[in-house]
Structure formats: C-alpha cells, structure tokens
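One chain, chain A, links the two complexes that follow: it is found with chain B in the first and with chain C in the second.
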Partner chain A sequence: MMFHKRLNNLMISWKSSGGFKQTALEIVSRGSRNPMVALGTSIIIVMVALALLAPFLPIADPTLSVIDVEERLLPPSGRHWFGTDNVGQDVFSRVIWGTRVSLTVASLAILFSLIIGVTLGLTAGYFGGVADYIIAGTIDLFWTFPAFLLALAFAAALGPSLMNVILAISVSYWAGFGRLMRGQALAVRERQFIEASRALGAKSWRIMFTHVLPNCIAPLTVWASVGVADAITIESSLSFLGAGTPPSTPSWGNMLNLGMQYIGEAWWVVTFPGVILLITVLGFNLLGDGLRDVLDPRMKGMRR
Partner chain B sequence: MADLISYIVRKLLLAIPVVLLATFIVFLMLHLTQGDPALALVPPRHTIADVEEVREKYGLNDPLYTQYGLFLWRLLHGDMGTSVSTFTSVSGLVFQKLPRTLELMAIGLTISYSIGIPLGILSALRQNSVADRGVMVFTLVAYAMPSFWLGILLMLLFAVKLHWLPLGGAVGGFASIILPTVTLGLGNSALTTRMMRSSMLEVMRMDYITQLRSRGLPEREVIFKHGLKNAILPVITVIGLDIGWFVGGAVVVETIFSWPGIGRLVYESILKDDFPVVQGCILILAMFVVAGNLIADILYAIADPRVRLG
Partner chain C sequence: MPGRKPIIEIKGLRTQFILREGTVTALDGIDLTIYENESLGIVGETGCGKSMTAFSILRLVPSPGRITAGSIRFKGVELTKLTEDEMRGIRGRLISMIFQDPSTSLDPVFTIGFQLGEVISLHQSIYDEQVLSKKILETLKFVRIAAPETVVKQYPHELSGGMKQRVMIALALSCNPSLLIADEPTTALDVTIQAQVLRLLKDLVKGVGSSMMLITHNLGIVAETCDRVCIMYAGRIVEEAVTLDLFGKPMHPYTQGLLTAFPKLGEKKEELSVIRGTVPNLMNPFPGCSFVDRCDFATDQCRRVRPKMAEVAPGHLVACHLYLIGGEKDNA
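After this line comes the complex of A and B, so read on.
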C-alpha cells in the first residue's frame, strides 16, 4: 500500500513539476530530429532484436558444444555465412549469441554504475558538508583511474564469470555518474524553485527525486549511452584477456582470443565478431554523441 | 616561479591518497579471490608447510588493517612478493619489463599526436567541408574500434597476408615495434583529433584572431603563429588522460603482438594464476596513471599561470 501511495505521489508531481515524463518526451522529440541519434538508435534496435531473438532464429545453438572435425575452419559460404571456427561451430550463430552476452553484461553494469553513482552523487551534491567531502573525495579517486585497469584488477581477482564481469565494470565505472550527478545537484540546489518547495515543506528526498533528478536526466541519458559503449569494449577486452566471460559462453572477446590462434589459416574467425562489436559500440556512441549535441551543446568534449 | 613550485608541491601531496587507493585496491584483490588467500600466494605444487609460511610472512592471520600496513611496509622496501611460477621477485620481473612498455607508449603517443594534431587542425580550418566530415567519420570509427581488434586486423593484413611485418615478439628490431605502436597510436588519435578540432575552432573565433586578420597579417601566420599556439595547449595537457588510455591499451596490444612488456606479463600471469605478479603489474600500471595525471597538471600550470592560484 505504501508503495502505491509513493508511486501516486510521483505521478502527480510528474505533471506538476515538468519532471520525468516531460523531460523524457523532450529528449525523444529533440533526439528524433538528429541523424546521428536516428542511426545509432536503429543499430541498437537491430542488435537488441538479434539478442532477444537468438534462440528462435534458424541458427545452430552454440551452447551445445558439438565438435565436428569435418566442419572445422570452413571459409564463409551459403551454409555458414561467417564460416566455422576451430571446433566446427558456426561463427555467425556464435556472433549472434555473443550479442546477448555483451548487451546483457554492458547494460546491467551500466545500470549498477548508474544506481551507485546517482545515489552517491545526489547525496553529496544535495546535502553538502561532511557527506560531500567524503563522497566527492572517493568519486575523484575512482575517477582518476582508467576504468579498464580497475576492471581488470577486479576481474582478475574475482575470476571469470558473467556476474564478476558485471561487478568489475560497475565498480570501476560508477565514478563518472557520481561526478556528473553531484555537479548537477550542486547547480540545481541553488535554483529558486528548490527553495520554494522547501518553503512549502517538502522533504529532502522528495525534492531530490522530483526536482533534482529530473533535471539530470538529459546528461545521464547521454552518459549512460556512451557508458554502454564503453562497457561493451571493456567486457570484450576482459574476455579477450581471459579475465572476463568464461570460455564456455560465446562472447565476442573470447571468440577473438580463440581466433587469434588460427589467424594464419582462418581470417573470418577474427574478422566477423569484431565487425559486429564495432557496429554495436558505434551505435551506442552515435546515440550518445547525437543526444549530447541536441540536448546541450556545452557538454561537447566533456567525455574522457 | 614560487607559485609554480607551491602548486607542484600541492599536487604531489594530493597524489598521495590516489597512490594509497591504488595500493589498497591491489591489496584488496588478494581477499577478493575465492577461497583461502594464502593459496593464491603459493605455487601450484606446495606443501601445507609452504602455506603456513606464506600465512606467517604476509600476516594473513592478523586483522585486515595490520595486513595492509605490512603490505605497505613491504612495498616501501620494494618487495612486491615472489612469483609463484618463476620463483623470482615480482619487482625484479616488473622492472625488467618496464622499459619495453615505456618504449611502446612513447612511440604510440608520438604517432597519436602526429596523426591527431594535423587532422584536427585541418578539420577545424575547413569546418563542415568534405574533409571535415571525413575526419569526423574517422574519429567516430577509430574511437569505437576496440584496440585489440584493430591490432588483430593490422596483424592480419600486414603480417599474415602481406608478410611485410613480423607477427609479433620484439626480436625483429624496428620492424616489430611498428604494428603495436601504430595500433596504440591510431586508437588514441581519435581523441586527440577531436580535442584539437574543437580547441582550434574555439580559438579561431576569438577576438584577437579577428584583430590580427583585420591588421592584414597573412592567414598562414595568423593560424600557425598565433592561433595554434593557444589551441594546442589543451591538447598537450591532456597527456595525462592519454597515458591512462595507453595503460589499458598496452595490456591488450602487448598481448596480441607478444610484446615482452608489462601488459603481456599481466596476461600471462592471469593465465598462469600467478597472483603476486598480477598484483605487481597492476600497481605499476596504476602508478603510470598517477604520474600521467601529475605531468598533465604541471604542464597545465606551466602553460596557463592562472591555474597555479586555483
């Protein structure tokens, strides 16, 4: 019951304060006029569709590891569009199934980073004082380090598993969101409508969620999009190094690692997973860059 | 000058917590491993006595803060533990590989700047032209391209198909350093190009440029003597970020091209479960990043005196 009441409150305030819904509509309407956003979104839709439909497509199931010596390292043909790998598995189907792994890992990792970053950044920026001092310091420390190195340290220690990769990326990527959120909260806090709602007796958490957070949706969307692209790259790099997705699960990174051993005889094994990887990363980068351009030209060049 | 020195000292002091965080994360890695941490520090073939000895040496029965203190104390004495596969000291191993990685980074950085700076200038001076569009497409693709795949493609083309360059290793002299450094440089040049372009665009719109033009200075002189001087500063000062990027890139690129540096050492040690070496390498790479950030801060203060007072 309590939950419903809170949800209701949020729904009302959406209308009253021009909150989440209006911001989201604004993003969509402005974004749809930008060609980069359109191209990026189309790529992402195709990739997500492939990932979701993988089990229903008429392709071999790569999770059933059948070793077929006859079918080993066959070049691309009508039957195997992307050729076959060293154990005779269809590269095309493995690439499609790899989409599932990459997109799942990347979006979950960014979701966790977003939750950690938004919570900490909002708390620090809105309340200030000692909390801000400690949190901002921590954010800066994590921000200084390249995400890939941190993720490698965590992934190497935790051992290869999907959950560990997600954890490793989240722990090393949240600082960007925290930094962004803190800056926005600091800026919004001083605006008059915040003071007005405080004067009306609104509680801190309520102000944060109904006024401060919606104001940060635009930059957060941009960062989340670019973040997914980064997370896909980190996941594939970790898997390539043997510290990410376990070898039994088809992922672009470990396919490329395996393909490296046969680079002299089978160019297709190292080429196609990379092409799809590049297109996917490009899709999220295009979406992020395009959104940034239409939402706030001043944010150009802010990304590291 | 005095303000510059006090600025540098301040930055050095501020780097201490970052260094401590790095050591703490590397220390924590041991406790994130599954099962008994002592088992991560002994060779695959060990006796119970070995495990006990390690436990005693690293104080693994003590509380965490005591262990961390001990870890720092050993670090201060240059002791990063012993490799469990080669039985040599980790610091010896790491410092033996260090020059190779530095070499790769230095050449890679040079390549990145020699591609990125001219492209960025060209793109800014011909804004919205076909050349500009082309450069922007290049940066989009180069930025999205994971460095390990770029490395694989270059290897496929120049080593496997054309046989112009060696597949990997460092025995081929100059020829063997080309592919790894180009891989690193090309990947990073996307960022340099973008920064150079936006910085140049900004500077060329400034009043002093218009004023120089109206005084009738040749365009070439306006651009290269007066515009570039200011526009290039932000590009050079992000060298710290570049080093951060190169640290990650070095690990994968060295792995692909079997380059005998720290990155390759990390990869091999992960495969061999040589935990102390993984720890040592990551710590050294993290120090690279700290040093890179310091260099960037100092360069920035030299270039722009206003920063020193902030």
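After this line comes the complex of A and C, so read on.
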C-alpha cells in the first residue's frame, strides 16, 4: 500500500466515526469553562493579533535609521504612549513589533524542539534496546545543562540572527520533549491495547503514530505551552545579553538591554517591554496549567 | 479426528526465554491440531504456557523469548518461516486474538468507531467513507450491541466491560478470520456477563465458520464452549480429549486433581480439595515428568523418564506412565 492510501484510511476512519469533531468540540467547551485556560487564551489571542497586525496598525516606524535628537527619551504622552527611547524611536511601536519577533522565535523554536524531541523520544521509548540506549544517553547529555546556558553557548557561537536564535533554542530545548515522550512511550507501549493492535496486524509505525503518540498528546500539549513561555524568556534573555537578535531588531530583550542603561532618567524604556513580556509569558503559563486539567483523561466526558 | 481438515498444526513447538540467569523453557514440545469449525479449549494454571502458545502462533512472543524449535503450519503455510511483513498480513485477517481484559485492550483516546474503522479499512482496503461507516455499524450489530449509532461515537471508558468485550470480539471477527484465539475472554467480566459473552462468541465463531482456540483456567467455560480440550502443565500438554470424554474419564492425575478441585453446586464440603505442591521451576528442567512432585501415583520411572503423549482411547491422548504399561521405557 502506498503512503497516501494508509493516511487516507486513517482519515476515513476518523471521519466515519465522527471522532475528531466531537473530541475537538469537547475540549473547546471544557477549556472555555476553565478560567485559567480562558484568561491564558485571551492574552495569547491579543498578542498574536498584535503580532499579525503590526504592519497595518497606525503606529510609528519602530526603527529609525538616524538618531532624532528632538525625540530622545520623551516620557509617555498622547503622541508617544509608551514614550521614546535613546534614539527617539517610539517604545509603543517597538513593543508591538517585538511581539512579532518574540512569538515567531518562540513558536518556531518550540515546534522544532517538539519535532526533534517527539521523533527521538518515541523511537527510543517504543523500540527500546540500542536505539533507546543511544537516544536516552543523548537526551541526558543535553539535559545536564540548563537550557538557557546551552542556548547562550549556541547563539554566541552562531552569531546574532533571528534564525540562529531559533536554532539555538531548539537545540537546547528538545531534550525536555524527548525525555517526556520517551517516558510516555515506555509506559504506553506496555498497555494491552498496543499488544491487541499488534495481534490485529498493525505495523510498528502505525502503532507508534496512531496509538502511542495520541495517548501522549495531553502531556505534550501542556509541556509545549509552557515551553513557548520558556522560549520567549530565553529569547529575551539572549537578546538582553547581546547574543540574540541583532540590536536593530525591535525585540523585547534588546529593548530591556537598552532601557536598563537609562533606567534612572527614563523608566518607561525598560518598564513597558518588561511588563508586556511578563503578561505574554503569564498567558502561556496559564494556558499550560489550565490545559493540564482540561486534558486530563479522567475528566473526559462522563465517567462510567 | 479423521476426515476433518486441520486449520493449524503445531508440532514440537518450543519457546524459550534466554535470560542472563539461564534459559526458561516456556513451551516444551507442544503438539496441537485445531480442525475446521472446531473450538479447542486450552486449560491450565497461571504460567503453564497457555498464553505463550497463543503468542507463539501469532509470532508475538515478547523479547527475550523466541521460538527455538518446532513447526506451526497454518493452512499448510509454515508460520515460523514467514517474514514479519507476511506475518502481519495474517494477524487480524486470518488469525485474530481477543485478550483477557477488555478495559485495557481498547485505545482510550479514540472512539469505538475509529478503532473498528482502522482495522476494517486496513485489512479490507476500504477507502470510501460511507461504505466504511456502514460496515462499522454492521459489525457492531453483528456482536449484538444495542444502539450501534451511539456506541460508534463513544470512547471505551463510556462502555461497560461486557460491551467492551463485545467490541473486541467485533474487532477480532471483523475480517472473518479462520482462527480466533480467545485468551481468557471472560475472566475480567462479571459472572452474569460471562455466560452472555461466551454464548455470543460461540455463536459467532460458528456463524463465521472459524475455528476457535479458547484459553482459560476455568473448566466450566470449556465444558460449555469447546469441542475438544487440551490440558497444559508446565509448558507441556499432558492430556487431550473430546470435552465429554475428558470430563467423563479424566486420566492424567493433574486433570483429575483439577476436576476434584472444582467445587460443585449442592455438594457440602468442609474443605476444598487442592493439588498439593507448586508448579516446578521452568528454568531447571529434569528428565522426568514435570508433575512428579505433586502426583500421588508417582513412581521411580516418573522421575527418570518423561512420559510421551499416547492415545489410550480413541481421540484421548495422555502423557502419563500410569497408562503406558510396559511401553516406551527409557527413551525420553
């Protein structure tokens, strides 16, 4: 059978059983009743909207090529809501454009980490043996270092660019997903329905991706959501230390770095990006915490 | 049973676990034949190799276990020589298996419909949504599930144990397999549900024209369901007979022990009779009969020579020296 045919029969099973729609609806309805998920999601929606709409909003240009002496370090006012920085750039505009950088970097970094971690962790946990020995060893090796230090080392070695920051975070963060996935796969593969599907003639890849992986979605989702918050913090920290995005890019970390030098005379330059960073991170953490409750299989539907 | 076509013929099957501490012989030379439209019961206590026989047939012996000798011929095809790919085509399509605990045999994160659909579309190459949903409903109706339209959209935890086992039966029978292996299919169920599920299983297997291998430790279930019985002890078959013969005239001391240990209704007993002693360690095989330490009739010969299976009455085979007077000495 060809690959698309295999995929096709899965999709058909999905559709003809009405499973997907029902599951999705159920999670949405339970999620909306959970205050943490609701608040977290609202914050994230606002942030994502700001990031997407940044080029269309009637805000000042976030980067000036020349220093505007007249506009330097102005306090918040009707014209500059969050004031201006040391080169006369509008802080409000830079904070909004910064959302773009932060969310892009964080979500791509977590996506890559997730792909690497899940693939390796699933392989290790499901097959065991030599594969597990090698992969689990590699995971432990990466896990030894704090993700931030590792990211700092990679970012410093690769040089400041948006793509390099994403790579640095992915490379240092995947081990967490790998470890989580491996543990889950180890536990799930011993369950009887795995044996049952083997006895009914399912292939290893099918069992891995249609039975082991879906049984691990809940913890992965929670971990990923909290991971985005972590990645935002790491990105900002890297930029703050000058190892992240290039200084001209409007990123929160860069703004914090810059603003810190003027904290005595212009509090707004450092405060606003900090507060927005805090709110965004809080949003993802709230979502993650809430999802942990919502996705708990014991709370799924009614109980027998 | 002359004149009937065998579905599966197992000869000298030996499955061993090679561990650091030594080799455990889980199955030690199993000979077994299941004929068309027949249901064979395999009875024995925990750890005697009943389930291992099933896993060996499906070639799903858990690592580090391995089939080390013997042959398994399924409809003339040697299963031990097939590649993993070919074997996969047989599992679920030609040989299916039902497990003991229905509450853990279904994937908790998918609906019943999805799981049925996956098996059906995979084995029957159905790619049309409507055809498949119709087929799923038919299969559920087939195992006499009321309101299949609702059950299709339900998750395993929303169903009762009996319902789940019915779904498992539906999954196993959805492709009309030639052989169904039921590994203690009713052990985890309520006693009232047990009878229902057994009757259903029996009817459906007959209806589809499959053979069944029913693994259990409950002789009552065998009496109700099976045409023929094999009694297993410590990785070997010790007695094989038509169900009625076995219950009427048990020969092997172990079988006799099993039958007396079974309390009968209306009989007043202060103490239940038991078979004394414990199962021998499968790691250190010795030349004699494995039941020797627990047997009331054991002789010196039993310690030295392993008894072979011999037909002592038509269709009634037993591996015990008590019935082999003078024959087959010292050739184990």
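Basically, the second predicted complex is superposed on the first by the 263 of 304 C-alpha atoms of A that agree within 3 Å, B and C clash if a C-alpha of one lies under 4 Å from a C-alpha of the other, contacts with A are read in each partner's own complex, and residues count from 1 in each chain.
Everything below uses one rule, namely that a contact is a pair of C-beta atoms (placed from the backbone, for glycine too) under 8 Å apart; a residue touches a chain by one contact, two chains touch by 3 or more.
Source: prediction; values computed, not measured.
By the document's definition of touching, of the two partners only chain B reaches A:F154; chain C does not.
Applying the stated contact rule after C-alpha superposition, one finds that A:L141 touches chain B and leaves chain C untouched.
Contacts of A:L200 after superposition: chain C is touched, whereas chain B is not reached. Touch criterion met: A:P214 reaches chain C, while chain B stays clear of it. Once the two complexes are overlaid on the shared chain, A:S248 sits clear of chain B and of chain C alike.
Annotation: chain A residues 300-301, 304 touch chain B in one complex and chain C in the other. Interface of chain B with chain A (complex): residues 17-18, 21-22, 25-26, 28-30, 32-34, 140-141, 143-149, 152-153, 155-156, 160-161, 194-195, 198, 241, 244-245, 247-248, 251-252, 255-256, 266-267, 270-271, 278, 282, 285-286, 289-290, 293. The part of chain A that touches chain B in the complex is made up of residues 137, 141-142, 144-146, 148-150, 152-154, 156-159, 229, 233, 236-237, 240-243, 256, 259-260, 263-264, 267, 270-271, 274, 277-278, 281-282, 285-286, 289, 300-301, 304.
The touching residues of chain A, when paired with chain C in their complex, are 1, 5, 8-10, 12-19, 22, 191-193, 195-203, 206, 210-211, 214-215, 217, 297, 300-304.
Chain C makes touch with chain A in their complex at residues 58, 60, 88-93, 96-97, 99, 101, 104-114, 116-119, 121-123, 125-130, 132-133, 136, 152-153, 155, 157-160, 168, 171-172.
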